[in-house]
Amino acid sequence: MHIIEFIFSPLLALLIGVFFLGLARKVMARIQWRYGPPVMQPLIDIIRLLSQKSASHGVAFNIGLVMSLAGSLVITLFLPFGKIAPMSNSGGMLVILYLMLIGPLGMAISSGESANPNASIGISRKLLLAMGYELPFLLVVLALMKAYNTTSITEIVSLQRDTGWSMFTFPLVLSGIAYLLILPAMLGVRPFEVVNAPQEISSGPLVEYGGPYLALATLQHALALFIGISLFVNLMWGGAANPVIFFLKMLVVFFLGIFVNAVFPRLRIDQAIRYLWRWPSLIAFAGLILVCVTGS
Amino acid sequence: MVNPVLLIAVPLGLAFMVPLIDSASRKLTRFVPVAALLFNLILCIRLIPAVLENPIVINLGGFTPPFGINLFVGPLGLLFAGLISLAGLVVSIYSLSYIKNGPVVKYHMLYMLLLTGATGVVLTGDLFNLFVFFEILCISSYALVAYHGDRAGIESSIKYLIQGTVGSGLLLIGIGFIYGIFGTLNMADIAMKIATVEQSTLFVPMILMVAGLGVESAIFPLNAWLPDAHSSAPSSISAILSGIAIEVGLYAVARIVFTVFGISDIYLFFAFLGILTLLIGEMCAFAQSNIKRMLAYSSIGQIGLILFALALATNNTVTGGLFQLVNHTFSKGLLFLSAGYMIYRSGSMEISSLNGMGKRMPLTSLAFTVGAFSLVGLPPFAGFPGKFLIVSGALLKGEMVINILVGLVLLSTVIEGTYFFRVIQALYFKDGNGEQRKQAPATAVTAMIALMILIVALGVYPKFLADFLSSASSDLLDKMSYVGSVLK
Amino acid sequence: MSFLQNNIYYIGAFGLIMIGLLTVLVKHNLIKVIIGLSIMDTGINLFLIAIGYLRNGTAPIFSSPEVESILMVDPVPQALVLTAIVIGVAVLALALSLAIRLYKHFGTLDLHKIKELKW
Amino acid sequence: MTGMEILLLVAFGGVMLTYILGRISSSLRNTFAVVLSLVLVVIIALMYDKTGETIFYRGFFGIPMVLRINSLSWIFAMTISFIGCLSVIFSLDYMKVKERTSFFYAMLLLVNSSMMGIVLAGDLLTLFIFWEIMSWSTFLLISYNGGPAIAAGMKYIVMSFAGSMAMLAGIISIFTAFGTLQISEIAAGMSSASSGFKIFIVIVFGIAFGVKNAIWPFHAWLPQAHAEAPSPFSAVLSGVLIKMGVFGFILTMYVVVGLGTYMSLGGAIFSVRSILLVMGAITILVPTFVALLQDDAKKLLAWSTIAQAGYIMLGIAYGTSLSMAGGVLHFLSHVVFKSLLFMTVGAVEFRTGGIRDLNSLGGLIKKMPFAFTGTLIGVCGLIGVPLTNGFVSKWLIYKSLIFGSPLLTFVALFGTWGTVLYSYKLIHNIFLGQLPEKLKDVENTPLSMKLPMIILSFTVLLFGILPGLPLRVINKIVVSLGFDSLNISLWGIVSESGMLNMINLFAAILAGLIAVWLFLRIGARTIPVKQDDNYAAGAAVPRDRYNYTVKFYDPLLRMISPYLRDIFDTFYMKIADLTGYLSNGIRKIYTGYVGNYVMYIVLFISLMIFVQMKWSPW
């Protein structure tokens, strides 16, 4: 039972992530009155890419990518998907926060080795953007942990079953709003699509990847999408006891993200940071203060 | 039992023998001070057990006090006499090679006169006798400052002379007043009669005497001669002036204030004066770029610290002050001696010219470093126990004013550390011109090593001296037993 | 008037001391300063003598049995003054010899101009 | 003669002997230094789990000087000797090209010996004596390189000296108040002392230890000092020496003042505890971002050291058993990974001929793979990536702070992101990116540098995966300081608010890595290409013309750098200037005109007479 979960939940996450990638392209195309590629196109691409030859720039180029994807896979073991959360006993939110570092870091080391100017720019932006949304995000997470008096994500989910979604319970409203405001940045969609920016810096960190590397990078991207959405649903929208309902909730969040993506133009990195550090941070800060004041 | 009179008589006699000896044998001249001071040192050491039991009082010419002149060899006097012989011995060994040019005979003669004067001051029990020995000390130091006969030496010497003469004039007026009031010059006798006179009449003579002695002991604002004289004298003389002369002046001030007058209301004022001297000395030293001037100002600062410690007048602080005094004699002596050869080698007194000396003269630089660390009060050198005793004694008094003054002492220590560390950095870590590595002569190195060993030994095992200093401090503070032992 | 009469020596002595001190303070010719020091010394010596002086007193020598010690001047200050004079002369000699050397080096005796050592 | 006396005798005797041997032969001296430091490690290891006190010296005015050992001293002593040993080994090659090596080795060993004296001290006098010996010997070592190191050393010694003077005032007040300096006896006296006295003690000791530990606002000396010291010593400096401040804080707050008193000392809002916590938080936040601005590798690490000291401060100042364990464990973690980082940077500096400027390095991964691996592991530890020791210790600190004061936790967590940014800058600008033309012939890391790096990297991972190893010892410390015992297993910790199981995490990550690696192997073969053979949209990338890493985080820095002026550094420099200015003014009273001098004498007399007539103090 347990072992199945261990294998099942990363695979499920990968699958959903890749599905989301395909869905995103399809929905975007429909919004723009195009037909768009089939939803399973990214999966097909990954399989194709695995068979292609590619250039490698060195050991760190490989290790970084492997590290990045492995880290993201491990996070999926900690995130409850419905009731499936195989490693929720080995650590809580803090471990997740720290595991979330491995993804960008591995990616950065890997593409840093390639010595491509576009990659360097992309990485710099990726880290800066992460810094940008991490400020309000940490405030939100701390407010949640303080409000529920636990650091375990499964407990947060189960407590929401009694109190209702944390987004709509009194002291956490502000945090919920702040989280919603930074969600696009965490998912890396359009107003904050500064890292990959295909038209500007040739997909940034991804520029040197080809063949299997690109496949891994795509999977990592898919997982990041999955983790971002799943975290939001778990923390703010009450998670779910049932995987299906959980998936539906994720889908709703995903569509929200896509719509935002479709409407907004891209910001510059400094504009993005300035935005993230202004209103969302202020609201999140107010939320934390509110929780501290009312909680005690 | 040996007669303490020899402590004065032997060097005095030998001082005047120097020209005779010189005419007999050129080579022997240089060794006369070494021999005389070695004799004094041995004498002092032999006197220690007896003096610790009971102070020795010698009546010169057989008159019993209060008539006639008496010598009082208590622990304090013996401490100073020993210190003078020890420092004098080390410096005279150093001078064997350092003093080569110029009127060598006169140098050795004056040098011994200076030390005779100093020994006389600390041993005498008679006010006018004190004045006479004081004048011997002063006049020989005026002359020795001008030893090189160069511009700076002559200029500082004449300035020193003018201020010193005014000071000793004031001292003499003070002594005159005291004689007019009490009709006696014996310190113990005066001390006994002091309570019979109204205090306000004693004020003027005391001020005059303190001001007169203060010039020699470099209390602010009477110390303007010191930086000039110490920086232009030959380094061996700077070491003696800094290590002995001003300490003896301070001894005289302390003796007059504590033993003769013994009026405790004024002590706090001296504590303030000490702190002021300390702060001004350290700050002036901080701003110097001339190494010998820096050391000279640092001496002012140290005198301030010692004065502060003595003025608190508890057994602890006075012991601490005396410890600091011993440490100052050794460390400042060491600093001047080592600086002397470094200046000799580089040809300039600017600190920047000493850059990279650590490579050229490693041992001399090491000596300077040890002296500096000790003076700043870093363990395991001799400065730390002294500072520890002073601060603990001062805090033990538990008065807010004194606590604040202690804060200032610690602050000035930081300033002092700053300028010493600056020099040490210049010695070791700045690149100088790539001269050859050449050590100081063997005699100078011997002197420096002896002082270094003393400093480290005192720092590691302060108890060695502490007991003796403790009885010396009660000698200074306990007026009644002084009077009792002199007047029987 | 009797105050003046009784204390004439003291007044004279302190007058001399003050004159000497003032000379040292305001004059900037080295020779004059040395003269000032000398005057001050003289004043001090006079002061010491005055302490021990007794009006109409005799010399402190027991020359004949009828001389009472009460009428003798005090001998101690006189001894002191002898010593002080000797010291004063020594200082004076040293000062003057230094002045000569100083003139050789600086070509002037103006103390305002001899300020190489300061600060 | 107990083990401690033998230890100190061996340590200090070894210093002398090393210097003397250096006069004879340098290889003999090197062998001796290595053997000596190994012997010290062994002696301390043998003292594990011993407690005891012994009076070793009465020569200082009869005040008994005591050595004592307990779990707290043991863990510090062990760290000191361990890092000391590694840095001596590291120096073997590093110092070959320098002059005055005997002096260097002797001073390095002296610093280590005096630090051992500090942690083994059983009374405050012994502590102070060794503290001062450590201070001045450190000063000599910081200034060792000359040039800019002169100013760095000066700044260090002045601040450190001011701190020790404050400490001396504190020690002597304790001595005068209670008549004893033995730490075990002071605690009894302290409990009955007035709270004003306690606060005074905390303040003066806080200044002394705060300066050494580089807690904001006393951090100003550290960046320059760490950057300019010789690299093997930077490792010691950053790793263990500033941790003497941590030791001092623990001693002051929990032993001298006492746990119960400490928690309630001071007012409600401005309690000592909350002030220390806020100082710790500021120490994390500001230096982290200042580190981002740095272009000098060692300076970057130095600022990072300050920031990490803030984490330790948060841990030990918070005052629960979990936070205490976190603080002490983070001290251990920091020792290991920061020494590692300074050593790798030192190796790079050594091989590239002294280049520390991040903008002129790059691409060294091919040339110095060992140093790269070391840096990677060190950086991971610094950030706190799971499976490294930094993760466990930070987890403990967060865990204990999170419910009590979420804002402090936020600062600490946010600081971690800053850490990611500057760590990446460090590793990228040195090892990744382009290899400049002039660094074509850089050789691999020498063996004597590899060895410490391997040991330290291994320790980073070992303590990360099996945190129970250090935590068992730390639990003893925590209990001995009066806290509750922790529930510790070999692989993690269970507390009431959550648990940590590193072995599961390790297994999961290992499995993930293997799976992804296999997945990569399934795919088609890859062709290794040269680093600069890359895609630039058809344009040729001119080599050595551009450096992609200059102004790496420029958008962010432009936003934050106006707020990052080091006010306190400026403030201290202003004080120094003011002192100089004042001193220059004061010495003008010595005008050089002798008439003025005589006037001073006359004025002095007149003043005294005036005072007497006006107030008649007599």
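Should a chain be cited, it is by its letter among A, B, C and D, assigned in written order, with residues numbered from 1 in that chain.
As a convention for this text, contacts are C-beta pairs under 8 Å (C-beta built on N, C-alpha and C of every residue); 3 or more make two chains touch, one makes a residue touch a chain.
Treat the numbers as computed from the prediction; the structure is a model and nothing was measured.
Between chain A and chain B, the least number of touching-chain steps is 2.
Contact count check for C-D and A-D (C-beta pairs in contact): higher for A-D. When chain centres are taken as C-alpha averages, the shortest distance to the whole-protein C-alpha average belongs to D.
Distances between chain centres, each the mean of the C-alpha atoms, put A farthest from chain C.
Centroid to centroid, with C-alpha atoms defining each point, chain C and chain D lie 68 Å apart.
Centre-to-centre, using mean CA coordinates, chain A is 100 Å away from chain C.
Separation between the centroids of chain A and chain D, computed from CA atoms only, is 36 Å.
In this assembly, the C-alpha centroid of chain B lies 43 Å from the C-alpha centroid of chain D. Within chain B, contacts with two or more other chains are made by residues 158-159, 162, 166, 227, 284, 287. Of all residues in chain C, those touching 2 or more other chains are 21, 24, 33, 116-117, 119, listed in ascending order.
If the chains shown are joined wherever they touch, the resulting network has some other arrangement, not a path, ring, star or complete graph. Looking at the complex, you find that chain C touches chain B at residues 17, 20-21, 24, 30, 33, 37, 40-41, 44, 47-48, 51, 74, 76-77, 80, 83-84, 87, 90-91, 94-95, 98-99, 101-102, 105-106, 114, 116-117, 119. By the touch rule above, chain C contacts chain D in their complex via residues 21, 24-28, 33, 111-112, 115-119.
Put simply, chain B touches chain C in their complex at residues 128, 132, 135, 139, 142-143, 146, 149-152, 154-159, 161-162, 165-166, 168-169, 172-173, 175-176, 179-180, 183, 185, 227-228, 231-232, 284, 287. Those residues of chain D lying in contact with chain C across their complex are 587-588, 590-595, 598-599, 602. Those residues of chain B whose C-beta lies close enough to touch chain D in the complex are 158-159, 162-163, 166-167, 170, 199-200, 203-204, 207-208, 211, 214-215, 221-222, 224-225, 227, 263, 265-266, 269, 280, 283-284, 286-288, 297, 359, 373, 378-380, 384-385, 387-389, 391-392, 395-396, 398, 406-407, 410-411, 413-415, 417-418, 421-422, 424-425, 428-431, 460-464, 466.
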